[in-house]
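Below you'll find a set of structures to go through.
Two complexes are shown next, each including chain A; its partner changes from chain B in the first to chain C in the second.
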Partner chain A sequence: MRLTREEVDHIAELAKLALTEEEKERFAEQLSAVLEYAARLQELDTEAIPPTATVLPLRNVMRPDEPRPPTPREDILANAPAAEEGCFLVQAVWGVEPEPEVEP
Partner chain B sequence: MNLYELTIHEARRLLDAGEVSAEELTEAVLARILEVDNDVQAYITLMPEEALEQARAIDAGGGSGAPLRGIPLAVKDVLCTAGVPTTCGSRILENFIPPYDATVVARLRAAGAIIIGKTNTDEFAMGSSTENSAFFPTHNPWDLSRVPGGSSGGSAAAVAAGECLGALGTDTGGSVRQPAALCGVVGLKPTYGRVSRYGLVAFASSLDQVGVLTKDVTDAAIVLGVIAGHDPMDSTSVDAPVPDYTAALTGDIRGMRVGVPKEYFIEGMQPEVEEAVRAAVDQLADLGAEVVEVSLPHTDYALPVYYLIAPAEASANLARYDGVRYGLRVQGTDLEETYKATRGRGFGPEVKRRIMLGTYALSAGYYDAYYLKAQKVRTLIKQDFDRAFEQVDVIVAPTTPTTAFRLGEKVDDPLQMYLSDVFTLSMNLAGICGLSLPCGFDRQGLPIGMQVIGPAFGEETVLRVAYAYEQATEWHKRRCGL
Partner chain C sequence: MTHYEPVIGLEVHAQIHTASKMFCRCPVVEDTGDLEPNTYVCPVCTAMPGTLPVINRRAVELTIMTGLALNCEILPVSRFARKSYFYPDLPKGYQISQHGLPLARDGYLEIDTENGPRRVRIDNVHLEEDTGKLFHVGNVSLVDFNRAGVPLIEIVTKPDMRSAEEVRAFAVKLREILVYLGVNSGDMEKGVMRFEASVSVRPVGSDELMPRHEIKNLNSFRALARAVAYEIEQQIKTLESGGRVTQETMGWDDARGVTYTQRTKEYAHDYRYFPEPDLPPLEVSREWVESLRRQLPELPDARRARFRAEYGLGDFETELLVADRAVADYFETAVGLGKVSPKTLANWITGDLFRLMKETRRGIDEIPVSPEGLVDLIRRVEEGTVNLNTGREILEEMVATGKEARQIIEEKGLAQISDEVALREIIEQVLDQHPAQVEQYLGGKTQVAGWLMGQVMKATRGRANPQLVRSLLTEALEARREAR
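Presenting the complex of A and B:
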């Protein structure tokens, strides 16, 4: 199982990782080796075996919904690369141009 | 004897008797760090002023009766410490200062422990040698040209070199036990759910567990007793009573059944490791245990299962590093490019490799073949242990196939690096507990580790067997020549 260059590009896009050409080459090779190794799982018949996502038998753990003091906002924002007026500051998601007005 | 060489229980006695002050003990450990840490490089961050201040407060009568009162401990740098940088060994969190303590850190503090620093780790705990730290590799105190293991290599090396009396680590696939074995100390991975993960920076949430690294088994029992127990802030922490683990240290294992899994003695392992572990099994028989061969038939599949499930969970957990709320931000032409540039620059090669692998295993078209398949085989691995523990009280096996390898030896071959965890991964997949303790040295003087493995919530049984072996041997008394 050899990952193609297109597959590596696609995975990097899904993972939101900017990779250099050299990294893409190297990862294609190294990930292919790991996936080849993982192919041995196909030897096992697991048709009737349920998957294990967690070893604990816990489901929907609840606690009483009691108000308590939150972490102060300034403590949270202290680690932000950029903050303004009590909010995280980021680039505009849809660009800064105002929406064109649509004629009715 | 130098104060930094003391175990926790020895220091406890001297502190309680007033023969040593917490300040003297802390100063001795800090001086030891100055003496050796240029070579060992176990610490990312040191907190000398806070530590000494805390020690003086304790000497002035603070925290009387607390089990770790005045004991200098280290904490792996993936556990949040309020007001103290928590980097996870990563550039992306280089300047991150948590606003709160992890529950385990808060419990250490409440028990009177003095936290002297944050130890080096493979980036986000992904690695087996500490060479994946973005800052520097840690060196093995027994031979500085060799790795201490990983990912809790900083904690293991610090304990082995006397740079703390004990330390916390984390174990997702062997990251407490493997470095403990390579550094000749005790490393305990508790059952999944035994210890709170709140404030542990998540790597693989169904596998991660906080563990302890200490100089002997008694110390491991003491520290586990402090950090174990239910935490309302972690819904996967189990609400089960915490026993007095030190009460399990009776030295008597007569009539106990010890399983030896044939799948853990494999071709390619270092012969001295096999000899040492087999000799240790004989010793357990001499102490009155009944030795039984057991089989864990799906052992061979643990590595591929782990390297699909752990990266899949990691790829989801590490999605949070987007340069918005904390950590590094590398500005791109738009928000999406900022995410990519931040992550591309902030993560090191192994973290990127695992995010890529995990993203692939979870992606449309491959989910069933890789991720779901791995989860199903995980069930088979768990069932192997369930069956084995119907026959035996504990399972004994080597912790690692070889002793400490050389720095640089496996860096460019991820699969070879992953194989050094081949004996420890299964317990995380099954969610059970395991403890590594020294059981000999190879001809080059490097420590060999043996694992005592127990069923879920079988920590008392594991500690009982490990303690009996330790008391009958002298390995744990050897110290590195630094």
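Presenting the complex of A and C:
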């Protein structure tokens, strides 16, 4: 199971990683190896086993709808790299276009 | 010439106004637009490392109830999933939503169309969390997470609607149901309900699904209907001129009344859904579903039918009363007092009270006139303490000041003059002041009596009992004829 170059580009884009050509090459190898290893699971016969998304016996963990006071804003913003007017400050994002390639 | 048929599906997002957020205990507050940013947040809804979500039971219940109201099947096992995408309004880098195992699916909602009733199938009803809000300032954005983590119901229809009118009818009816269920206030201006429409057109007779345009962020019925109508028209034009419609995501420019292509890359829609490992699955027992079914309020269609049958109201006034649950409740409380007929109450509520609510931009539960207060006023009109016009003025004063009818009548001396001696005196004065008109009347121009009646009402500042004035005035005029 060999990942194509396009698939690596796509995964990097989804993960918002700016990879160099050399890294893309290397990660393609490594990711392929991981997938091959995981693919061994496909060999198991799971015909008689119902699918599940959890191995824990927990079900219906819920809480009553009771509010409690929020956290003070200065505490929430304390770790923000940048804040202004009581808000987190981020670089403007228009649409969800991929960011331009960063020049090395 | 080919005839085209629009094919339209909707995704509706509706905030659930629980007391606390979906996965943390921050209070849910309706967005009034002047809320201080980031004042209803905590480490969970801002995605601080190490925090874990806990499901709000009430939000799950309201979603199941919405599913039931939309005739859905409630799944015995449901679970949450992570929907990953990067946008600064989403603090975790993913939204907790549902995928594959929603709480409810395969339902329908019946709408009225010009060709009779029509079922719009519901694909699924699921539960997720709202995002934060961004304010763009130059080349930076400010992020406010007050809204992040507010429970959000998403209702997804099958592509069963065939016109902008049907889309509107569906949206209006869905809003009504959500308000009846107490899911939210239905206040569209506060963004409690948002729509996305996917629109395609195909030759009539075909049952193929064509490439569609998804129009995002439609926040009012008007925007929704206009955007859909515009898209239908554009796509037909494109096809008729030999062009092709390609799958695209569109925005809606309300000021210009046009849709436009949003430059999103198709692959950004790879959300990589996977089961949320932090939340164990939900097992929804039959007992739980049945107990929620019993909690369902009477829904709008059933209430309409009952209003017509039980109170003998017409379609029009029934519609006006039932469209808003609070109004319908108010009406029924007032009727229940048993002192005024349903018809009379319907007239007062949909007439004067609606006008005053509209003028003061308040809902029926925000005005200081209780159903008891309104009934008391109407009784005073019916008993003749005040006449109809004065009654309407008193209602205005009640809405403005919150005072009771009795108090306003006393303070302003508005009680109707039914004292015959006093009225005869006023009538004689009026006739003395207008000898020419009296002469005309006696000469056979009897319609002058109406004008003279107006003069008497004016002299009493509208407080005279009109029936009594009419008979006393005729008496006085006839007395003058005999005295000639």
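The working rule: the second predicted complex is superposed on the first by the 88 of 104 C-alpha atoms of A that agree within 3 Å, B and C clash if a C-alpha of one lies under 4 Å from a C-alpha of the other, contacts with A are read in each partner's own complex, and residues count from 1 in each chain.
Going forward, contacts are C-beta pairs under 8 Å (C-beta built on N, C-alpha and C of every residue); 3 or more make two chains touch, one makes a residue touch a chain.
Being a predicted model, the structure only gives us computed values, none of them experimental.
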Next on the checklist: Going by the contact rule set out at the top, does A:54 touch chain B (first), chain C (second), both, or neither?
Outcome noted: both
Item to check | Contacts of A:91 with chain B and chain C, given as first, second, both or neither | outcome: both
Checklist entry - In the superposed arrangement, does A:37 touch chain B (first), chain C (second), both or neither? => result first
Checklist entry - With the two structures laid over each other on chain A, which partner does A:27 touch: chain B (first), chain C (second), both, or neither? => result first
Checklist outcome for this item: Of the two partners chain B and chain C, more of chain A gets touched by chain B
Next on the checklist: Tell me the contact category for A:19 with respect to chain B and chain C: first, second, both or neither.
Outcome noted: first
Next on the checklist: With both complexes superposed on chain A, which partner does A:46 reach: first (chain B), second (chain C), both or neither?
Outcome noted: first
Item to check | Which of chain B and chain C A:76 touches, first, second, both or neither | outcome: both
Item to check | Residues of chain A that lie at the interface with chain B and also at the interface with chain C | outcome: 10, 14, 16, 53-54, 56, 58, 61, 63, 71, 76, 79, 88, 90-93, 95
Checklist outcome for this item: Residue set of chain C touching chain A in the complex reads 18-20, 25-28, 36-43, 46, 48, 54-60, 79, 84-88, 134-145, 262-265, 267-268, 270, 272, 275, 277, 279-283
Checklist outcome for this item: chain B partner, complex, touching residues on chain A are 3, 7-8, 10-12, 14-20, 23, 27, 30-31, 33-35, 37-38, 40-42, 44, 46, 49-56, 58, 61, 63, 71-72, 75-76, 78-82, 88, 90-93, 95
Next on the checklist: Taking the touch rule as given, give the residues of chain A at its contact with chain C in the complex, in rising order.
Outcome noted: 10, 13-14, 16, 53-54, 56, 58-68, 70-71, 73, 76-77, 79, 84-98
Next on the checklist: So in the complex, the part of chain B that touches chain A is made up of which residues?
Outcome noted: 95-97, 99-100, 192-193, 206, 232, 235-236, 238, 298, 300-301, 303-305, 307-308, 315, 319, 322-329, 331, 334-341, 343-345, 347, 349, 352-353, 355-357, 359-360, 363, 369-370, 372-380, 382, 414-415, 418, 429-431, 456
